[in-house]
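Residue numbering begins at 1 within each chain, and the chains themselves are lettered A, B, C, D and E in the order written.
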């Protein structure tokens, strides 16, 4: 049976919304990987941890999940900095496999601390204001998702501006390209690393606030976000915010289409197949430079 | 002895972006000789080696090994056809022992590990590598030892032609002296034809049968070492007295 | 008067590889000092040691009477050292202007950036024309101008130049040396330069050091060295 | 340098020798094992030893996604065992022998881990009876071990085929999955009919695990028997976003949705449904959990109002023991028992009642698993003669040869005013089922 | 290698492996035929076999392969299905499984190596393979668990008690160890190590990098595919979940913690992690959900951060007295 056109349109819309959120998460990971060459396989798990914090705050204070970002984002920046000093810095320049193994260990720790604290039940703290749908032609739009997508987009564009137009951004881009020469410019590379790692983790906190306006968290939420982020980086190449955005949207739409037309069970496989094909035929990513 | 040179390079051109690293270089390496290839920094010496050994594919020009066109062949095929090289910047096998690293080279000509081990021991002994360090891992040996291992690795592949890229850079005078002996022995005792790329003229002059000079991607002089060194073009290229 | 830059009895290298075996040299205020010697002699390592990019085993680096041996590279840059690295070290994906701005990254330089930028553009008008271009699209000589211009952006007290004329056409090298002269005389920039154009750099420099195998083997007034047989030996043949 | 060659020849020879020796040792080990291994059957209890304790083991998911159920089951078991030992004085016919919870193993969330846990539980504590493991696929894995070791396994898992595999030492009192589906359909159709609500199209919306599929099959069978047009929509229970499913439902426009959630997908669906503004007459849940358990209501809030669900346990059954147990449970754990606890209630009391009878039927060897199974099969319990029946939704327990309760059935609860109220088979006093949903 | 002690060491180095083999062979007796402990030991032996197979691609060739569960699952599921549906003995099924794994490895490895994909991208590609198989299996097999039916005997390679399978696993482990030793002492091994160290330099020595990497991948996939059935039997079930990214990572972690390329270190790591994990799960799993995984994660982080060379150095240190006695010096 052919899927109805309205289902396809709906999938495209949902996929685009999802893609914007992906771009927010993937951007943080791509900064960490691009600037300091550190492979973080626990990136998604930080999102999960922060989502729990959002849940705790939003349900105990009875506030909008989005409002909790004011607290979680700075807090996770600090968490990111701490993780950088404890885990990432000793491993900089080591074999990639060691970085993968250790960050997998960090992910385990986060997942199981969450499990011990909150048990396995999924938790949700829906947005009060945004939890409505409205029709737009054949498509029904979930207000919370729309807001999440718009905010993600705004923040990603803002970060692009930050990277392109500020001294900090200049230092980050210089460090990413050539660490040693950046030092010769007077850039304190260590500070840049801390800031970038903290920023990457802070972005997952922000993404989790947006996610929690319509989604829910269990200890295993991070895995899919982590893998998707890596796939987005492979597709987008490194360094370019537009590349990240475009490939996030592609993955969002691919996942949404497979979910609706084939089965939700194979959405990660679809993304993985896209990843393998791109890797084989465009090893530098769909959008240029690595 | 056949008149066919071991290696013949014709009109090699290699560009990187806007920079022309090789600009129509043609040269020959004759059987049994030590050819010195010199030139100031950035004159295209290493690019020449990379084009010959298949690491780069030249934009124009051909490379012939004993008359066979090997232009653009992948490095491992070039190596198995008999062109070995050493590296200007050492590429140590940090976790392998010295002996193992050299065996990896020797295994090109044999599938038998024991034979390769004997060969590796022979080569290392011949180049005078200290025996007590045969089993040291690559990460624990000194720079000059690295250079020797690198050389031994390449020699162990039993090449027809060995391209030695700046092997004495960074070495102390007495080490350079020793290296002259090593290179000579490789040439004489094993009958390997050598292309020695070097920046230090003194070294080149003392070991080469013949010298070619590269400057800005072009061949500017060729001849016996003593003549080449006196060539005003060469002196200028090196000391930069005035624009050519 | 104490020298502006001095390194004393330095033993340094990269990880386990010791490259410099007890190198000492000094650069006085307003001087141009040349550091020459064959490949692999340790010239680049010496410059990198001055800015703190190598592993230092022994010895001290003193800038204007202040011991900076323990300071990280970015702090030394803040104190007025600038190195134009070998191979230029241009940030290829960034624009020309961004590269130049990075040169003025340290706090003191940032304040005077606009003024310095005008000065750099006056020395290298080509950079002004191309300021919004991606640095990767520059030609070899333009990249070299950019590298030097970028170093000047930090208003350095000592400019360290590593093989700046490498790969440039002779005419351009001529121009480049003219720029060095101007920088020294008009801007009062003190320079330590590593060059393969030995003769030309000796003509430019007040004094020079000759390195071989990680040691200083000769030093003196440039004119004297020009006539010294040892120098020819180091480079050419016995 | 005493000939590297000779050393290497030695290495080669040695490699062969090592291989040979490893094989020889392995073979020797097997031989030794055959000679010295103990007889594989557990030693039968000889003449009438004094039985002081009956060892009960539990395997429940305590980590992973299902931990919430496992923990509740263990809590319930501790309570019931305490009641049996203290209030009822242990198994009187066995001289007051106590039930002892010798070990609680974590079933994890994968069958491999569960099987491992079962191996360990049995090897370490040699329990007489094991209760577990709530999740059907985990239960099946544990049963593979209990069957081999001839330990009686009382399931608190619902999937039909657990009792269709020819296992000999298993019992299950709880209503199986398809019974849940059938009950939900029967309840929805009869309520709709009673209220004159149109039921032209029904969607069976189910998660696609074995459990969900069995429940859905039960519902579909019931719908087909009543000639009601239906459409089946499935999704994985790991689903994160119900948006697409809502779109499907929007297209199908069903009157009634029979929804088979696992747990977290139920929470998610309820929210998505409310947010979507979609309107159906009734959402009748089927299956073990979701919608009406305290956890769901807490997690979902108002969105789940008027949803119904089947339940293997009826917390409001007005029998003496049911009231008592619920009261004790609430006072100890501060929340009403959900299904996971309820199944444990009647299962443990059933075991207790069987043990009381065992010494009567098999005075020589009451705890022998074969004997015990015969005892369990012989029980026919009703509200009048049994505590466990009083705790059971249908009030009657008699096991079929495969270990399933012949009189199995479920209750249906509806969330009314934020509380789960029993509306089927008999509504709680003062409760009127709401249909159509406003 | 000093000459004088060489004579004493000719067969001396056999002592530790012999002691180990004897120790392993007697495990069932030492634990008093406690089925649980024997099963734990069996699983450790199988996991160690998989980790040592991984060592060929991961340790020797230095390719960060995270697809071991893909090959294990393919081999295991194929052998089990052949047995259940067609009554084919697992002895043949395991060979078929090995062949199927090798086939899939070729299909994925050929393009990857052809396009020079390395490091994190190779690792992610192998993760992608696991994800694709995982979800493909959901579609093909449904979300069900499949059980190997309760048949027993050597024909089915499945027994009422675990001792026999334990010895079969030991033989498999011994075989994998021999393959490891053989590979690392053969031309292939030297070439793989050279590739791990520096692909470009290896190529200049005449090493066909693509070919040898592919060869390593094929050996690894074949061995793991062969072990699949044993794995499935000790796990008791197979399903789409057999294709598990965490399990693949676990295997790689054993290889890393044990020390890349080191047989003794990996054996030690497999045994220690296997026992520690089971101990923690059994001890704390019931009271504090997730604690064993938490401790395991912390262990991973600590070992990774503080001792990145792996456990091999620890074993070296522990075994040094033995080695110097029998070997007369440090060996590589």
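A few points about this structure:
The working rule: a contact is a pair of C-beta atoms (placed from the backbone, for glycine too) under 8 Å apart; a residue touches a chain by one contact, two chains touch by 3 or more.
Not measured: the values here are computed from a predicted model.
Minimum number of contact steps separating chain C from chain E: 2.
Set against the C-alpha centre of chain E, every other chain centre is closer than that of C.
Set side by side, the interfaces B-C and D-E show unequal numbers of C-beta pairs in contact, with more at D-E. Rounded to whole angstrom units, the spacing between the C-alpha centres of chain A and chain D is 38. Chain B and chain E have CA centres that are 42 Å apart.
Chain A and chain E have Cα centroids lying 33 Å from one another.
Counting partner chains per residue, chain E shows two or more touched chains at residues 138, 143, 185, 289-290, 293. Counting partners per residue, chain B has no residue that reaches two or more other chains. Interface of chain B with chain E (complex): residues 53, 55, 74-76, 79-80, 84-85, 87, 91-97, 100-101, 103-105, 107-108, 110-113, 116, 134-135, 137-138, 153-154, 157.
Contacts from chain A toward chain D in the complex involve residues 4, 6-7, 10-11, 14, 18, 115, 119-124, 126, 131-133, 140, 142, 144-145, 214-216, 218, 220, 224, 256, 259-260, 263-265. On the side of chain A, the complex with chain E involves touching residues 33, 39, 86-87, 90-91, 94-98, 100-102, 104-109, 111-113, 115-116, 119-120, 219, 223, 227, 230-231, 234, 263, 265-269, 272-273, 275-276, 279-280, 283.
Those residues of chain C whose C-beta lies close enough to touch chain A in the complex are 51, 53, 72-74, 77-78, 82-83, 85, 89, 91-94, 98, 101-103, 105-106, 109-110, 150, 154.
Within the complex, the chain A residues that touch chain C are 167, 170-171, 173-174, 177-178, 180-190, 239, 289.
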